[in-house]
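Please see the structure below; I have some questions.
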Amino acid sequence: MITKLYSFSVQTKTRNEWLNITDKAAGAIASSGVKEGLCVLFTPHTTAAVTINENADPDVPRDAIMALNSISPDMPAFKHSEGNSDAHVKTALVGPSITIIVTEGRLLLGVWQGLWFTEFDGPRTRKFFVRVIGE
Amino acid sequence: MITKLYSFSVQTKTRNEWLNITDKAAGAIASSGVKEGLCVLFTPHTTAAVTINENADPDVPRDAIMALNSISPDMPAFKHSEGNSDAHVKTALVGPSITIIVTEGRLLLGVWQGLWFTEFDGPRTRKFFVRVIGE
Amino acid sequence: MITKLYSFSVQTKTRNEWLNITDKAAGAIASSGVKEGLCVLFTPHTTAAVTINENADPDVPRDAIMALNSISPDMPAFKHSEGNSDAHVKTALVGPSITIIVTEGRLLLGVWQGLWFTEFDGPRTRKFFVRVIGE
């Protein structure tokens, strides 16, 4: 069994932003030597998440950001003193962890799929981890 | 360590539909020979997802489809030219990947739980994968 | 390869409640002997979920509970006779499974992150499982 761990740093520029991290994760898989197994993408933050969605038209992440703002708006009744409870809720909805299949030494992604780091309370310097496990 | 990968095809019949795929995943586990480990359900699409929810009353997926339509409606300000941004948002909310525990050679599911392929932009021919890893 | 499975029982006290289960999962990792691998948190229920979010200010789970009630309210058109479709929808949004990285014999969590069992239809006696896999 092979288990490898990779750490990445990204810089977000606005409050809500989707950063394409497909190439970073693909590079981790390639260097891990794992041919058949799993890849876990994980962010250690509580106001950012990771997800998989369309990699082609930039209007998809744009529209998704707008929709998430509508689904989880700032609410007057929020009490958390940092004023970013909307971002914590988005993190609960999208999730800080996602698992992808590795096969033939590569991520098993659909033709339109890419991996995204989703910032909900930027701009900030952020981290994410890639765990590869398999053989 | 055993790692096995199974591919399945399903046909959806309407725009929003939940297909019960519990038996397909259970069959993959049985044929994998894995007794203790993990099972990852993954769909390679950007307008469909996979989830776990009640397996008994068909009104649960019916109500969930209605609620998701209300949570992620079509928005006039969407720019994505395919006109299915609501489906991309639902995919971000429900997620294209879910991990289930395998023990004693079977999926560790609660008595009411079943596995669902959730179509958000059908009807289409769709795929999903089952990765089993363990020993 | 090491694969271990741990079962926990929790008692919720209200309809919507977030229970901090970080210590329980950390204890499972410690006793598993796994140094490098993965940890999967899984709940076998259809009206409860598991997630990762802020571990510090109790106003974060409080605000998140309020926001989720707003995002997935009871709807007059729901047909499920148990009357808890809102809870099934929350489960689809937050998810009954989450995967965390294990490294150096510990959960790889950010400084503000904690693990939460999220009850959507309590009070009930609930279960969750921790699967540890690695070496």
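Residue numbering begins at 1 within each chain, and the chains themselves are lettered A, B and C in the order written.
One rule holds in what follows: contacts are C-beta pairs under 8 Å (C-beta built on N, C-alpha and C of every residue); 3 or more make two chains touch, one makes a residue touch a chain.
Quantities reported herein were computed from a predicted structural model and do not represent experimental measurements.
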Interface residue overlap between copies subunit A and subunit B, same or different (over half shared): different
Between subunit A and its twin subunit C, rotation from the CA superposition, multiple of 5 degrees: 120
Euclidean distance of C-alpha centroids - subunit A vs subunit B, Å: 19
Residues of subunit B touching at least two other chains: 1, 38, 71, 93, 95, 99, 133
Complex contact set, residues of subunit C against subunit B: 1, 3, 5, 38, 40, 42-46, 71-72, 75, 77-82, 85-86, 88-89, 91-93, 95-97, 99, 127, 129, 131, 133
Subunit A residues within the subunit B interface of the complex: 1, 36-38, 51-54, 57, 59-60, 62-64, 66-68, 70-71, 93-95, 98-101, 103, 108-113, 118, 133-135
